[in-house]
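In the two complexes that follow, subunit A is the common piece, with subunit B as its partner first and subunit C second.
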Partner chain A sequence: MAHHIDSSRNSCALHGALQVIEAIEGFVPVVHSTAGCGAQHYLGVNRLNAGSDRFGGSAISSSNISEKHVVFGGSSRLREQLKNTVKIVEGDLYVIVTGCATEMVGDDIPAMNKEGRDQDFPVIYANTPGFRGDVHQGYQLAIKALIEQLPDLGKAEQPPVKGLVNILGIVPRQDPFWEGNLEEIGRLLEGIGLTPNLLFGYGQGVSGWQRVPDALLNIVVSVWGDAPALLLEERYGTPHLSLEGLPVGAAAGRFLYEISELLQLDSRRTEHFVQSEERRFDAQLAALADTWYRAGFQREFTLVGESAQVAGISEFLSGTLGLIPRTLIITDNPPEYAREALLSRLTSLLNGFPTEVSFTEDFAEISDLVRSASASLVLGSALEEAVAAELEVPFVQLSFPLSDRLVLARGYAGYRGASTLLEDLGSALLSDRHHNPVHQQSSAALGCS
Partner chain B sequence: MSEKKQGKHIAIYGKGGIGKSTTTSNISAALADAGYRVIQIGCDPKSDSTTILRGGNDLPTVLDTLREQSKVKIEDVSAVGFGGVLCIEAGGPVPGVGCAGRGINAAVELLQELHLFEEYKPDFVLYDVLGDVVCGGFAVPIRDGIADRAFVVTSSDFMAIFAANNLFKAINKYAPSGGARLGGVIANSVQAPYAKALIDDFTGETGTSVVGYVPRSFTVSQSELYGQTVIEAHPKSEQADVYRNLAKYLDTNEDSVIPKPLNGPELKKWARTWGDRIFEVETGVVQKMESI
Partner chain C sequence: MSLLKAKASRTREKQLDTLNAWQGTLFSALTEFSLGEPVKRIRTFSQSSEDDLLYALRLLAGIRDSVVVIHAPRGCAAAALFHHVERGKGRWIVTNLDDRDTIMGADGKLRKAVKDVNQRYNPELLFIVSSPVVAINNDDIQSVVEELHEELELDIVPIYVTGFASHHAVTGYDTTLHSLLKYLGGKKGKHPHDDRVNLLSIAEHPHDRNEAQRLLLALGLELNTLPDGASKGSFHQAATARLSLSLDQDSANYLGVSLRDEYDVPYSALPRPVGLGATGRWLAGVGKALGLDESAQKLHEQESEKVRHSIGDFTLKGLQVYLSLAPSTAFGVLELVEELGGEVVGITVSRLDQLHKGAIEELSARHPALLIHVADGQPFEEVNIIKRLSPDLYLGDSLHLAQVGRLGIPVVSLRDVPVLGYRGVTALARRISTALLNRSFGEALSRSSLPYKDGWLRRSPNWHIKKEVK
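On to the complex of A and B.
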């Protein structure tokens, strides 16, 4: 039955598409919609995750259509906006993205796109009205447009790249640590002799996207990378490997061995690399041991986040650290087939400790679930801050939206990400003034009351 | 809005080409001739509703004017036609572009903002709305606060009946929340021997009634060619009296109903029985108590 959603953390398809375009260097979005769509994207997404993009956020090209464009059609307004954008902003690729109003009216976007092409503008378009779905659909629609239309623009001569693999399924900004996560996955792949095609973030531009068809393999981190991977398989026969979650800590090693076997890479090199990574991480775990006991790391936790985050982080926290997963709340509305897989994988993470797994994006429902789970650690988004405070338990913000920290390079993927997660978790436990024996002891030693 | 409403607001719907504009214009002319202040608003992107009231002269549409100038005055978008009827055309986008439904919405809103009705103080406002009620925009005149009653023009052709049935569905949806109710059905181009009986049967099935039968007439065609209504060109003709009677009905009768539209299979079944009956008439099968 239909019901209202309180404070959803999933914005609309147009925003998902913008998040894709803004995360690629040299790509310039042109929004064909009402003025509020661009503003809402800035206020509801960019500003919440600290920082703006080179071209995007509050300074975004938008046709800002009004009633007369709805009545008489807004195609000519888009034509004008595209021309102006090309004059003012230098870009390698201009991407027209549409909102609800212009799609309802039925503006002929392909015709305007063709006009732009006829004038030698490097332009493509994606139909991304919010009524087609949420931010995750927008991510998929924008990538589909890139895969389908970028080849029409021709390809600059590029030297062939050996062992190229594309990384799909990390939605920029919807995963607040998208850039750090991509970089760490890239570092791991390099470690076993592959060339990662990160596609998003620093240094990632049109040439990487033009190389997408040349990849040996598509690595799919979340369910949101499935559709693009299937499209690439259909068009170019590229196989894909689904990680079904962020590889955190030991999971990264398993994933590297799997790829190594699949692509028949040098197994000794892979083993050597994974072992060196694990030794480094094990040394950190050993250094943590004393604090682990004193600060009471082992406790029940509630985790709220997107499916890829929840799967990867809960497996790491329970499998490696021995924390007890009480309640896991998945907020990105994964499709039915993925839900079943997640349920069977996450409900029995620890023997003898049943874990409750819920799918919801409703703020009130999530708060109620967190409250009734009453775990002694809450990991979630800024929206869970209040209920964590109510429970008087340590709280770590790690899913969208974040409000209490600036994210530039931080990520939770891989071995390095696992270290970062330990640091963040440890800091939250150590700074818990109400219950932390370590804090009380050191305060006493310092003569504080 | 309704407490400020001036005059009787009536929306006239029907399939494209069925004679809505001709019927509406002749009713407007007859009402004006009888001394009433009348406004006729064409709600159709074709913007030819009021042509025969204005001798075929051009009239800038509300939406075209709105597109070109930010401030629109009533004088810019209206013309006084036969008998003092104030003629307005909402207009709309070129075919295949934009959203005509939103256009009607915007035009009607603008006319309200300009206090057209308070200032002109009409006795009657007739909205001539295009063809089928294909989306929400075209239902604007029958939603809360605009027209009090809707009439539908139909012939005995199935597609015209189909469009009428669609309008009934729209009225059925909006009337309970304050939208217009159905005033009745105007049977137009009545010529075939079975036409009257077929339309009567349809209204019977849907809980509605026919308020006037307009026979197919040479006088109408000839007047239209002169860019005039029958009331103006042939005021003494029988056809002029037919329109006068319709105008009189609108003036003196306040009856309205919420129609009971037929659903898809019911309408098809109803149509098939009439197909059989017409075939029997044409081929000479005589049935007991046959009325056609």
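On to the complex of A and C.
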């Protein structure tokens, strides 16, 4: 039984499905629910990801059912809404997503979808009531609907693409850096001769989704990509490669070598590319060194975020940057099978140092954990800002929800993402040194300035 | 019968014949409201808009020393996360209803949540907010409230919002204020009155609340401001005040009328103090109600002089302006635009009802042919209208400003920015003058297309507004 949650940062399945649909060009959501579901999504998800709003506002097609439909059923309202959405809103694919009220009433969504198809509307549906799960389940439900129903709509003739790989598992907006992360992973894959199918973000539309079955491999960045990858394996026999987290810095090199071997790519090309990326990054580290010593980079840190993000970023901070992973808090409720692997890897990131790893999305629990860890650096969401201020330590806002930063193109994946993370982290440490003399003094007193 | 005996307030459509879908001239709007109950319209295509649950959460986020338990699946609490993060306000938990709860009911879960959160935060006041799932299942919140009130010795206030019973989000304010007064106002009847005056401030920007307080304090009043920034005691005190003053009739009407009918506290329903003229009338209304006419008049003259000085020769002369605002704000801003020499060519208001009859009557005498569009969050219609009118400036408080911005016209946001009183006039004039001075962002934005088909933009904007077939 699901437990109550203090200030949850994981919204519902409907909102997760909307995050998928709104991140694909030409896809139009048709919400069949009460009026407020779309506005809740806009306020509670989009607005907390400043700079991530495709339609220019909250208003998306929504049947806004009223009491009458709750009592007598809302199917006819959906029929009307769908027909008019196709007439009014520009789109290549219309996706019916349902909310709690219409699911409880029992509206026949497949039948309405079929009626739409009979009129040649490019329409699919996903049952996504909020009570079915959180954003991550919503992400999976929407992708499942796309994989299963898109082929029924036929396919425009497209020339075959060589070396196509799909990227799964990055949940748009729930990872505030989703677009930047996808683009960097795409850039790295191109570097070793593959054609990435990013599926979400700028320039990603229905044709990319129609190519999903043609891929050589599905790359799974987070545990939330597992179910879609298994479905694709079952349907099309496509193998998949699951990463141990967002590949930040050196992990990106390892991942490129692994793919290269798996797909038997030109190993010299891969080696050449990875080495040139690493040389560039090493030069940046060298350029940073003086600041690293002066600003006191080497601190114990607490990191709060989703599993892939926490795994990737903590490994980079401890494995390359020399920071000490004190406490890691994973907020996306990964399934049991994934927790064990995360625990065994993350508790021993640093030889001889026990890192605490917790799984919770409860605000009060998280605040208590951050407080008692008392690390000298906190990385997390806007919800951790207060406790970081209480500890008087530098704070980097990098997981959902965000409040005081704008994200358009930044990402933390890959080599370029590692540089971006260094810039963000370094800026937080430097500005803290200027603005928080008390803290500076206390470090000086311990002789580690 | 006492209004407050009921579980919740009646919906806005039942109280005030409120419309949410309408389009026509001011004159025809006046006719509509003059010939008895207006005919309700519905939309055959709609876009998402706010609902009563969202308005309840917004109001409750402003109440001190309280915790909100949202009895719902996770998504219904998304806006609470927004208030928490954006405004640093509000402690809240969500009961996180799942598949099983929708079948079996979830009273036990609610009970546990209330107990846990009480132990964790030890609040003065705890709210239980219902949701569509709970309303459809008819889960028994009331007995949880009664049992735990005794067991925990805690004031627990249930807010029975549904998400579907009303077409008007503002019903959520009424429902919330109904419960606040019912549970915290004390016994019905006339209480001995003290010198305090209730300032009814409902989900106003903190600067707006400050501006109203500043003016009233300058008149020497002793204030009890509620519900914004209120604590438990404010509602009890409200029942003994000598008068209630509105800042926004649209949102305060239910509270003002209930205080009057339940506790004999007179209610002055005043125009919203937006723009110089309306702010003057608001102050004059306060003066009249309290026998402070002269001081109010003097204060208005002083403050107006300051505003005139600060805005200098700023003018909107020759400019056509479109407004898309909550109704009482819209009528105030319309007057302000005219004070500044501009011309309003059309307005979208989020609703229209009996409360606005006076304003429509007055405006219709001057501008019988002015277009009025009634819609909450329906940018497909608004964009269609604005494209036809092509105004020089757009003032709006909706959640879809960014879409209107793609039309390339200067947009000034009146959402989450102060607009009230004298300071509001100066601030608004500044923002407008900046928006007109440099339009490059709008031009850049206009290179992004609107999400609508050309076929729709050629259709009449009221195409999807139909009379409801009962």
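Everything below uses one rule, namely that the second predicted complex is superposed on the first by the 422 of 449 C-alpha atoms of A that agree within 3 Å, B and C clash if a C-alpha of one lies under 4 Å from a C-alpha of the other, contacts with A are read in each partner's own complex, and residues count from 1 in each chain.
Simple rule for what comes next: a contact is a pair of C-beta atoms (placed from the backbone, for glycine too) under 8 Å apart; a residue touches a chain by one contact, two chains touch by 3 or more.
The structure presented is a predicted model; accordingly, all values stated were derived computationally and were not measured.
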Touching partner for A:T85 - first (subunit B), second (subunit C), both, neither: second
Touched partner set for A:E67, first subunit B, second subunit C, both or neither: both
First (subunit B), second (subunit C), both or neither touched by A:H4: second
Subunit C versus subunit B, contacts on subunit A by residue: C
First, second, both or neither for A:E183, with subunit B first and subunit C second: neither
Subunit B versus subunit C as contact partner of A:E384, first or second or both or neither: neither
Partner chain(s) touched by A:E315 [first = subunit B, second = subunit C, both, neither]: neither
Touching partner for A:S75 - first (subunit B), second (subunit C), both, neither: first
First (subunit B), second (subunit C), both or neither touched by A:E244: neither
Which of subunit B and subunit C A:V105 touches, first, second, both or neither: both
Subunit C-contacting residues of subunit A that also contact subunit B: 67, 69-70, 104-105
In the complex, subunit A residues that touch subunit C: 1-15, 28, 31, 34-45, 47-48, 53, 55-67, 69-70, 80-81, 84-85, 87-90, 99-101, 104-105, 129-134, 364, 382-383, 386, 401, 403
Interface residues, subunit A side, partner subunit B - complex: 67-75, 104-106, 108
Complex interface listing, subunit C residues touching subunit A: 43-54, 69, 72-82, 84-86, 88, 91-102, 109, 112-113, 116-117, 120, 131-133, 136-137, 162-165, 167, 169, 377-380, 398-406, 448-453, 455-456, 464
Partner subunit A, residues of subunit B touching it in the complex: 63, 66-67, 92-94, 97-100, 102-103, 106
